[in-house]
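Each of the two complexes below includes subunit A, the first together with subunit B, the second together with subunit C.
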Partner chain A sequence: MAKNNVQYSKKQRRLVMQENIAAYLFLLPFLVFFVGFVLYPMFMCIYTSFFDATMGREDIFVGFENYKALFQDEVFWIALKNTMVIVLVSVPITCIFSLWVASAISKMPVAATSAFRCIFYLPVVTGSVAVTMVWKWMFNNYYGIFNYLGKDVLGILDKPINWLGDPKYALGCIILILLTTSVGQPIVLYVSALDNVDKSLVEAAEVDGATPKQAFWKIKWPQMMPTTLYILVITTINSFQCFALIQLLTSGGPKNSTMTIMYYIYYNAFKLYKYGYGNAMGVILAIIIAILSAIQFKAGQEK
Partner chain B sequence: MKKIIALLLALVMVVGLCACSVSKTEETKPAETKAAETNAPAETQAAAPEAAPVEISLWTYPIGKWTDEATVSALLADFNAAYPNITVKVEYLDYTNGDDKVNTAIEGGQAPDIVMEGPERLIANWGAKGLMVDLKDIVPAGTYDSIISSCTSANGEVYEMPVCMIAHCMAINRDVFEAAGALQYLNEETHTWNSVDDFFKAVQAVYDAGYDYVGTIYCGGQGGDQGTRALITNVSGGTYANAEHTEYTYASQENAEGLARLYAQDGINFDTAIVASDEIQNFVNGTFQMAFCWNISQEVNNADALGFDVLPMAFPSDTTPSLQGGIWGFGVFNNGDAAKIEAAKTFIKFMTEDDAQYTKAVEATTFAPVRDVDGIYATNELFPEYSLLSPLMGDYYQITKGWTQARTEWWNMLQRVDASDGSVEAILAEMTAAQDAANAAAAE
Partner chain C sequence: MKNFNRLDAEQRRARIYSVFSWILICVIAFTFLFPLYWIITGSFKTKQEILSSTPVWVPSDWVMTNYQNLMSKRSAPLFQLSAFGYTITGPTVPAAIRWLINTVVMSVSSMLLTCLTASMAGYALAKKRFYGRTILFSLIVCAMALPKQVILIPLLREMSALGLYDTIWAVIIPIVGWPFGVFLLKQFAEGIPTEMVEACRIDGASEWRTFTDVMFPMIKPGVGACAIFTFINSWNDYFMQLIMLMGTDKLTISVGIATMQGENSTDFGILMAGSALASVPIIIVFLVFQKYFTKGITMGAVKG
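Then we have the complex of A and B:
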């Protein structure tokens, strides 16, 4: 309060102004990129969603027609359902599994912790195309390792399963691959969050007779909430934006069983050149992600 | 010190402003002056074409070895020896992401000057959108008219200078067919099946010999869908599109019956997880005994991996087989730069006019030439065998409007058929739904 009443001299005001200008100048390169590559595309996405926009001709203003068509599009609803299934399955599993692994490895010697962190982080730094191709080989109907193990080694399969070609299994396979590439970052974050927990509080609780379980949930978990919130938001967004796996493995099939909103946006915009329609879907996806992220933030703040 | 820096900054700003105003002055020169200036060098260029350096871009899809850097560099070296003023920057595309790259470039106003592909993209897609340059002036009159007609749009403009062509065929593992006693059902001389019935008898014989995966109707995506289209329309004697290329016609009783027969046949499997490249791989490694997506390029590219004798075959038909053709050549994007368009045409003429250079350009594709050239593929052992199938090339219906959507509808239809009970009625219903969607796109 007292600070507000301080009277600056002319020289001081000039210095403050110079500092502000310098700060803005430092920010300028980032702002240029932010405006050019984030704000402008966002604006164009919303703007174009009101047009019948395609290649080689002028855009035609259609108002909310793209949105109306979207809600009558059967494949869009299938894509939305599949996307929600991916999010609802992969986000909790990613968070719980990452927390479990992080808790287990954080108690290990430093070398072992580092080794496990590296192992779990490998799929994140490996090219997604390479990872996907390996999984494609493993799921192969004719000579994949899963069919080999199930049929020839364990004898639990009568005949090979076409994992990626059967609507019953295809989405599950996609989720499994997504999980393996998603857990790396949360594990690293949780390990460092566990390291940063105030040890004196844990020791005090233990002295007062708290069990390890109580110490975890009452002392450690609240201190890890910001990390958990971050992981939840990032994993949710990544799950919503699952694209490369679908593109490389199933093209949304069989029978649209792995069609996601991201892939359907790509298909409409870049295969059929329905830019306006694709952008309308992009806007809907952004709204859904924003709402879910807001809910997650709100829930996180309350806790 | 501060004053000196301030003075320097002011100086930089003033110079900057002057520079801006100079550019502005240049930009706002009257249009007539600019036109006059542009015309003058053009006349000079006509007199001395080597004078003005031009840089053009060439984007090539994987057509034989036209994405092999050493091969393309050699071709460009020939060109640059004759036209040192024209620099050609090459970008190699693939069929997975190539369209996305080109479309993104078009949207960003950075389309390549030359693109090497087929009429389904150059005519039916980018040409139909008014993005291509009419190449009528460099197409030699009266030669290979039937090929040129496939490269001509509905408005009579030629958007592709054809270089090579191929009749896509199927192939069988001759060793396995011989061991199964199935060679009696086909003619090795003409590379045709005796009849559709004999094709099914051959499949059954190979299946009975212990091969579960004789042939596979792959439908995991659109890659190589020409194979499944040709198989079904030949087996049934049906059509895919009308002769005018205005609408799709595959939802017919005969096509549904043909597909139902394939569906019911032992050894013919549907696989919704693989595309043609996977099928080829499975054929080459001996898992499948037939490939429905095959041509000479596949045999050349997989020569080292093939452990058996490949017999290229026409698709089974009770009449004359109608093979799905592929034509590839050069198209020029209209980027609004007359000098670049002229340079692009010069490049195309260089690659296609002179017999010796044309032979090199075609041999790099591994496919057949679109016009007669003496001595081409003189040392290639496979070419005579595959060239027997070229006369069977059927209607080039890929230039029907709405082609992109039609392709998607086709493989999705096959996926739904796989999940159906395989009855003619169910298949016809799925075909009709797909055809309606494709025709709706064609009508847009």
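Then we have the complex of A and C:
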């Protein structure tokens, strides 16, 4: 690209032109999909949020009415609170747990490392529907394994608990399942980050008498900062996205105790056909995620 | 002397800690494997065993009734081809078979299309200098950071307007547009020395030949990672499938099983059989291509 002030000759300009055309031809197939089915919907999401939109009629412009209604909607605030609880509980636990597992299994023989890495990734591959079905069975209050363990084996419970039907426990159950399906990727990332740590620095520190603990926190941890940052961002996004679990297990109930923004968008769009309203919520969700990611990046860069 | 003792104690503590963490990891790994074990054994249990309040750890005799029930619940034509106004309809088969076929077709098409578009775009982003490159790249990164569910309503309306709603394309197209593959392959292509590409151009090869004969073979491991990643993710992309597909003969296996849940909410035998059908094939694919998959995950993270 023309960065300096040197005058290009005709031939040079033609070459630059050619390079541009070639580049865009290579990009074209992807751009068709990307612009048409990612960027355009994103734009439309913001645009439609200012309309009263539903099926089978023209959209009516309403300005900020959708947003106003949103802030007065009690269920929206409950959904926002539950989403925040899910994020604030699951993100730190996922990160700490996966760091611990990764550092423990990376010291093992290669075969054991990859076997464990595989096992912890399995719930992700199994797919959200299959995972949800089996957990639904395990949480069932008559035939579920949790009530059996709690009542007959450990004797903690004196009567079976309706785990998913009780507002006290439902959200906790959802978070537990979410945790098992979200640690896989961070573990893979941490194992490879631990592999890539500069070994000579660690050895030098050990020669100088550093304990393994010191070597870990003073040498390895700072080098893994970019990975940690990436993991924080993807885990946060993942927790916001948790949908199948809620749709298939509780549908937001009982008494909205597991209602999340993601599910509420779906509910508004596909049960009530309030497209504009749902889009306004999507915009708010995107803004929240953007702010959180920005904070995480800022914090990561300062360290 | 004192110093040595300190080290000794520390070493002993380190060893105890490592044994302790071994055991703990094994226990946790077991609990991670358990749901999968429960799906597979559950799908072979009799109704009494499934509905007993004391769990039956291993089915006493492995019965196929759950699979038979699953297969007899709903049916759909094996395939439907229409061209020039004629429609050829295949023989009627259990819907679950059709759902599996749909899922495979959908995942394979998304995989092939993504690999093709992403390898070309990744190459251009990594090795070409063109106007708008920085803007395009930042758009890609921003799009990746947003949950794609945010755009579900506009996407649904767009698909209806294009007449693609309730077709397999409504699921495939958003996957191909999702920029993760481009991002991954751009990282890969950046690792290839630019001299290779230039030398090829100087020798008189066309742009296209430079790509197919020089660039593509060298980013093959990256393409493999992208392929397996896209395949597994589109197989499990329940959300998009749920929204875009309606008709019994159009569903994928995940959505199919999910709709069966609505009808037989406590017949866990059928649900486990369906879950096994949905998950075992993809788990096998994952185990076979595990190495590429891991590479895909870690490569995509290099620059976050």
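Here is the rule we use: the second predicted complex is superposed on the first by the 284 of 303 C-alpha atoms of A that agree within 3 Å, B and C clash if a C-alpha of one lies under 4 Å from a C-alpha of the other, contacts with A are read in each partner's own complex, and residues count from 1 in each chain.
The rule is short, and it goes like this: a residue touches a chain if its C-beta (ideal position, glycine included) is under 8 Å from a C-beta of that chain, and two chains touch if they have at least 3 such contacts.
In this text the structure is predicted, and so the values were computed from the model without any measurement.
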Inset, instruction - Answer with clash or fit: subunit B and subunit C placed together on subunit A by superposition. - result: clash
Inset, instruction - Check whether A:289 is in contact with subunit B, with subunit C, with both or with neither, and answer first, second, both or neither. - result: second
Inset, instruction - Give one of first, second, both or neither to describe whether A:143 is in contact with subunit B, with subunit C, with both, or with none. - result: both
Inset, instruction - Could you say whether A:243 touches subunit B, subunit C, both of them, or neither, answering first, second, both or neither? - result: second
Inset, instruction - Mind telling me which of the two, subunit B or subunit C, contacts the most residues of subunit A? - result: C
Inset, instruction - Using the superposition on chain A described above, determine whether A:270 touches subunit B (first), subunit C (second), both, or neither. - result: both
Inset, instruction - Pick one for A:279: touches subunit B only (first), subunit C only (second), both, or neither. - result: second
Inset, instruction - Please work out whether A:221 is in contact with subunit B alone, subunit C alone, both, or neither, and reply first, second, both or neither. - result: neither
Inset, instruction - With the two complexes superposed on chain A, say which partner A:212 touches: subunit B (first), subunit C (second), both, or neither. - result: second
Inset, instruction - Tell me which partner A:67 touches in the superposition: subunit B (first), subunit C (second), both or neither. - result: neither
Inset, instruction - Look at A:230 in the shared chain and tell me whether it touches subunit B only, subunit C only, both, or neither; answer first, second, both or neither. - result: second
Legend entry - subunit B clash site on subunit C (candidates 116-124, 134-142, 242-250 or 296-304): 242-250
Inset, instruction - Jot down the residues of subunit A that show up as touching in both complexes, subunit B in one and subunit C in the other. - result: 142-143, 270
Inset, instruction - Spell out the residues on subunit A that touch subunit B in their complex, using ranges where they run on. - result: 55-57, 139, 141-143, 162-167, 170, 250-251, 253-256, 267, 270-273
Inset, instruction - Mind listing the subunit C positions that touch subunit A in their complex? - result: 10, 14, 18, 21-22, 25, 28-29, 32-33, 35-36, 38-39, 42, 50-55, 116-118, 120-121, 123-125, 128-131, 133, 136, 139-140, 143, 145-158, 173-174, 176-179, 182, 207, 211, 232, 235-236, 238-239, 242-243, 254-255, 257-258, 261, 266, 268, 271-272, 274-276, 278-279, 282-283, 286-287, 290, 294, 297-298, 301, 304
Inset, instruction - Going by the contact rule at the top, pick out the subunit B residues touching subunit A in the complex. - result: 99-100, 103-104, 106-107, 126, 128-131, 213, 219-222, 271-274, 282, 287, 404-405, 408, 411-412, 415-416, 418-419, 441
Inset, instruction - Write out the stretch or stretches of subunit A touching subunit C in their complex. - result: 1, 19-20, 22-27, 29-31, 33-34, 36-42, 44-45, 48, 100-101, 104-105, 107-108, 114, 116-123, 125-131, 133-138, 140, 142-143, 145, 147-148, 152, 180, 185, 188-189, 192, 211-212, 226-227, 229-230, 233, 237, 240-241, 243-244, 247-248, 262, 265-266, 269-270, 275, 278-279, 282-283, 285-286, 289-290, 293
